[in-house]
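Next come two complexes built around chain A: one with chain B, the other with chain C.
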Partner chain A sequence: MDNTCIITLQDVNKKFGDALIVDNLNLFIKKGEFVTFLGPSGCGKTTTLRMISGFEMPTSGKVFLYDKDITKIPPYKRPINTVFQRYALFPHLDVYNNVAFGLKLKKVPVECTKFIYNKEFFKKLFKFDFKNLPREKVTKYKHVSADVIDKKVARALKIVDLEDLEDRSIETLSGGQQQRVAIARAIVNEPEILLLDEPLGALDLKMRKEMQLELKEMHRKLGITFIYVTHDQEEALTMSDTIVVIKDGVVQQVGTPTQIYNEPKNAFVADFIGESNIYSATMIDKKKVRFLGWTWDCVDDFDVNENVDVVIRPEDIQLLGPRNTNLLGVIKSKIFKGVHYEYIVLVGKTEIQVRDTRDLKLDSHVSIKIEPQNIQIMKKEYNINAFYNAYINDKNKVVISGDEFDCDLTQLSPGSKVDEEGFLVVNKLRYNLADANVAAEIALSDIEISDDISLSGVKGVVINSIWKGDHYQVLLRSSGEEDYVLDTQYNWNVNDIVSIIIPKEKIKLRLKGDLSKYEENA
Partner chain B sequence: MKRTLRFQRKYLCIPYVIFLILFIIIPILLIIFYAFTNKQGFFSFDAMIDFFSTPTKISILLNSLFIAVQTTILCLVIGYPVAYFLANKKYNKNGVLITLFIMPMWINFVLRTGATRDLLTWLGVNGGNAPYFATLVGMVYNYLPFTILPLYTAMLKLDKSQIEAASDLGARPVQVFTRNILPQSLPGIISAATMVFMPTISSYVISDTMSEGKITLFGSSIYISFSNNQWNTGSFLALIMLIIIFISMLVTHKFSNEEDTVRGGTW
Partner chain C sequence: MVKKIFANIYIYLILLLMYLPVLLLIVFSFTESANVGNWTGFSWNLYPRLFQDQEIMSALGNTLIIALVSSVVSVVLGTLGAIGTFYLKRRNKRIVEGITNIPVVNAEIVMALSLTVMFVFMGTYIFRKSIFSFYTLLIGHVCLSLPFVYLSVKPKLQQMDPNLYEAAMDLGCTPKRALAKVVIPQIIPGVISGFLLAITLSLDDFIITAFLRGPGLLSGYKSIETLSTLVQAKIKKGPIPPEMRALTTLIFLLILTGVAVTTIYRNQKAKKIKTHSMKRIRYGKF
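The block that comes next holds the complex of A and B.
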């Protein structure tokens, strides 16, 4: 792997109508890397991929291939091939012709000799001096010959393990086989970059795991750049050299899987990659941070009194016998996961996820220890209220640290509705979302507060209020000890008790895990 | 054991079976009977010999076939791009345009043809000075909706990702069309061609009206035979037409068998 950038995205913006899909994206992709664009659905990762393949043109900004500006070059002229989400194979062609499609269109420069029809030519022709007829060398563009195509197709099919299926029609193939044909069809053209748009999404879990390893192996063998799009963080961690985490069209973090997992840059990345405990915390001294009502030693240095987010991975928390020098908690739930147990430990009202190989008793009291280097501290972002430990209760309300808010569940799946019994209905399937874990996001301008405390069930105390030039930014702490930040025109006095009102359509929900696991068996 | 006549679902077919026998099977048998008998009702090949030995009758047949092929090709050439753009939501919001295109089908075609003739006469082209052209215009105008509809349904089903895939694999826009859009819409083309070819070959009202009787098509010659009481000749001509339509159906069926038979939506 060398260090040349094969693809550079420079200040790329993409708008569909008024919606900003990709927001000022700058990205460098190194030659030969396996790069994954990772993010929740609708985050702009596929749009970014389509701008690299040429199907979308950026609204502004530039795309470079090496040093060449390819922003306006159509897809058929780019040395880039794509494996499409639903394969997009040609049903009117058999496997061989699907794979050979690109090769048959291709014209390659061929050196050939051509007579020069000048005086000398005819002179020599009449003297029957055929050997010395004037000739010149020219390059012509010719179609690839049939036996070269044969050989290349055979090799591509061998790489994807489909040697014997050349004559089969597409409809007779299984999903996994179609997937392989789609890959063969792309790599047979020997592209410099292979784009893969959620190629494993339609396969079952076992098949997916197999294909992940095979794709990785293929990448190693072919040595070309792979750009892979997925919303599956596990897939991204397994396969990639570099992961680009994208949210709402903005790159959150670029790094190796280890960096992304161990040192997430913000709470979103931490929450999206792997299981994690995320808490709002305050730096109370040099390298001392306070959360869960306890003061912890840490290694990151932030300003004293700064509000921060902390992330602790479940496997980094140690459960010890109850002792007074540590934070105490009670084991509330226990699930066996094969190699380890997954515990939920309750500290006050707050849940902590813990992973431990030992078999501990339910309801037993434990104390909690976290090594300082395992507490990852991140700068708190005040551009949005994000709550990663929210859940839906049996009244279809979203619960954020004990505070209940009305919410709109239909946003979890397009075209869905909620029936009278409270189930989410999508395509005639019913989903019971009670106890479903979600991440909830509320923009700063969407929270209203009022001193009429009868207006809402959720009350909070104003912690501080800062003048931001044209508005005040108010920090509230609710009865459930959660912090809310909001923009308002009015100044509020510290320690005022207010009711917190959030219109239900303003709470953006994202389901953790797949909707299918909440399917209700009628 | 006592047998009772119980109602079974298959009895619901009885009306249609009666209809089938009365109006399809018996007439076909009658046609075959008359085609191979003479006026006295004895078996004979007179009608066949008469047909194959009269050059005018054969030329009428060839002329009809030629007009049918021309009409079919013209309808496809005009209808294909129209259907392609109609299938695009950008141009055909709420399906208003497609309704406009198929609206002529709501009006009886004899009335429609009369109106077309008057319109052409007003434009200075009519059966008097250009009977062949007028006939062709009448035919294409009448059968264009039958072409657009199956093509439109086929276009609606075009897989956009396949078109992108072709482009991704290096196909220039023209190649995308010839190698992907055309094969994808082939079932629609076949069913559109069938919808036009079969009725045009037998139609005679349109040609009679438009050419003001100057062009005699195969359909008209059958009509003339029967109205002149030449039942045997007429039956033999009708039989030939049946065979031609049967062959054209076999051909299209063979084509569309390879694809999943995607016929136009309303048929």
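The block that comes next holds the complex of A and C.
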């Protein structure tokens, strides 16, 4: 792998109507890398891919291949091939012709000699001096010969393990085989970059795992750049050299899988990649951070009194006997996962996810120990309130650290509605979302506070109020020890007790995991 | 059991009622009597007589020429139109689709009359002479069959994987080539059924033909006579010429063979796919 940038995206913006899909994207992709665009659905990762393949043109900004500006070059002139989400094989052609499709269109430069039809030519022609007729060398563009196409198709089919299926029609193939044909059809053209748009989405789990390893192996053998799009974090961690985490059209973090997993840059990345405990915390001293009502040693250096987010992976928390002088908690639930148990430990009102191989008793008291290097501290982002440990309760309200808020569940799936019994109904299927884990986001301007504490069930204390030029930014701490940040026109005094009001349509919810697992069996 | 027998009887009864008139016609095409129902002994004579009858032959020729030309024109226009609207923006698409649906449900007489009025208007004020000719007839038939072609191509486009067009471009096709090499082969069954539909619509059309015909084609200086207008003209004067029975028999047999051939072809294709997938299961290879 050398360090040349094969694709550079420079200040790329993409708008569909008024909606900003990709927001000022700057990205460098190195030659030979396996790069994955990872993000929740609708985050702009496929749009970015389509701008690289040429099916979409950026509203502003430029796309470079090496140092050539290819922003306005149509897809059929780019040395880039795509494996489409649903394969997009040509059903009227057999396997061979599908794979050979690109080669048959291709024209390659061929050196050949041509007569020059000048006076000398005719003079020599009439003297029957055929050997010395004036000629010149020219390059002509000719179709690839049938032999070469045959050889290349055979090789591509060998790479994807489909040697004997050349004359089969597409409709007789299984999903996995169609997938392989789609890959063969793309790599046979020897592109510099192969784009893969969620290519494994339609396969079952076992097949998917197999293909992941095979794709990785193919990447190693072919040595070309792979750009892969997925919303599956596990897939991204398994296959990639580099992961680009995207959210709402903005790149959150670029890094190797280990970097992304161990040192997430912000709470979103930590939450999206793997299981994690994320808490609001305050730096109370040099390399000392306070959260869960306890002071912890840590290795990251932040300003004293700065509000931060901390992330701790479930496998990095140790559960010890209750006599230790550590933070105490109670084991509230326990699920056997094969290699380990997954515990939920309650500390005060806050839940902690823990992974442990030992079989501990439910309801037993434990103390919690976290090594300083396992506490990953991230700068708190004050551009949005994001709560990653929220869940939906049986009253269809969203619970954020013990505080209940009304919310609009229909945003979890387009075209859905909530019936009288409180089930979410999508296409006649009913989903019971009680206890479903969600991530909730609220914009700073969407939270209102009032000193009339009867207006809402949720109360908080003003911790901080900062003048931001044309408004105040107020930091609240609720009774459930959660911090809320909001923009307001009024100045609030520190230690004021206020009620927190959030209109239900302003709470943006994202379900963790797939909706299908909440399906209600009627 | 009894229920099954009754069900079978019912089906065959209905089929019999549907095909009885045709069967009667076929049987009576082998006798020379002037009226159906009067059997004057078996004879092949109607068939040679049919091919000697100048009037019928030129009407048949006219009908076929109009059917073929108008079908080809409406298939080309209808297919391109369907592809064009398929890639239109949603709002414009809805407008175009609404417009194309109207002629399908519209009474044919309305279309015939409105076209006549338009051509009369154009003839009187623009060309200063009657413009009724083969071309006005052609325009009428194209108007008649165009929406049907559009409607039979549209579902094929909707069934098509929308990524196919992009996949073709990805592999090096220019937009035009992608259309020719990928999109058209995908929708060709719809195009063919649209073509056949257009032919049948044009073959037996009477109203539009009667309103819009003018001199031309095989009828020379006289008004174009098609099979339907010829029959109508003959009925006015007396009984249907017996040769018509032979002609309808031939047309029926032609269509029957056509249907039989396509059915057999389709069944064999389906069988081929089935055996392939059976093999796959048997060898447990994949």
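One rule holds for everything that comes next: the second predicted complex is superposed on the first by the 520 of 522 C-alpha atoms of A that agree within 3 Å, B and C clash if a C-alpha of one lies under 4 Å from a C-alpha of the other, contacts with A are read in each partner's own complex, and residues count from 1 in each chain.
Throughout what follows, a residue touches a chain if its C-beta (ideal position, glycine included) is under 8 Å from a C-beta of that chain, and two chains touch if they have at least 3 such contacts.
Since this is a predicted model, take the numbers as computed values, not measurements.
A.B. asks: After the chain A overlay, clash or fit between chain B and chain C?
C.D. replies: In the arrangement built by aligning on chain A, the partners chain C and chain B clash.
A.B. asks: Who does A:Ser174 touch here: chain B (first), chain C (second), both, or neither?
C.D. replies: Once the two structures are laid over each other on A, A:Ser174 reaches chain C alone.
A.B. asks: Look at A:Leu105 in the shared chain and tell me whether it touches chain B only, chain C only, both, or neither; answer first, second, both or neither.
C.D. replies: A:Leu105 sits against chain B and chain C alike.
A.B. asks: Please determine whether it is chain B or chain C that touches the greater number of chain A residues.
C.D. replies: Counted on chain A, the partner with more touching residues turns out to be C.
A.B. asks: Using the superposition on chain A described above, determine whether A:Arg185 touches chain B (first), chain C (second), both, or neither.
C.D. replies: A:Arg185 sits against chain B and chain C alike.
A.B. asks: Which holds for A:Arg86: it touches chain B only (first), chain C only (second), both, or neither?
C.D. replies: In the superposed model, A:Arg86 contacts both chain B and chain C.
A.B. asks: Take the contacts of chain A with chain B and those with chain C, and give the residues found in both.
C.D. replies: Touching chain B in the first complex and chain C in the second, residues 53, 55, 74-76, 80-82, 84-86, 88-90, 92, 101-102, 105-106, 185-186, 189 of chain A appear in both lists.
A.B. asks: Note which residues of chain B are touching chain A in the complex, please.
C.D. replies: 159, 161-162, 164-172, 175, 179-180, 183-184, 186, 259
A.B. asks: Any idea which chain A residues touch chain C in the complex?
C.D. replies: Chain A residues touching chain C: 53, 55, 74-76, 80-82, 84-86, 88-92, 101-102, 105-106, 168-169, 171-172, 174, 176-177, 185-186, 189.
A.B. asks: For the complex, which residues does chain C have touching chain A?
C.D. replies: 161, 163-164, 166-174, 177, 181-182, 185-186, 273, 276-277, 280, 286
A.B. asks: Spell out the part of chain A that touches chain B in their complex, as residue ranges.
C.D. replies: Going by the criterion above, the answer is residues 53, 55, 74-76, 80-82, 84-86, 88-90, 92, 101-102, 105-106, 185-186, 189.
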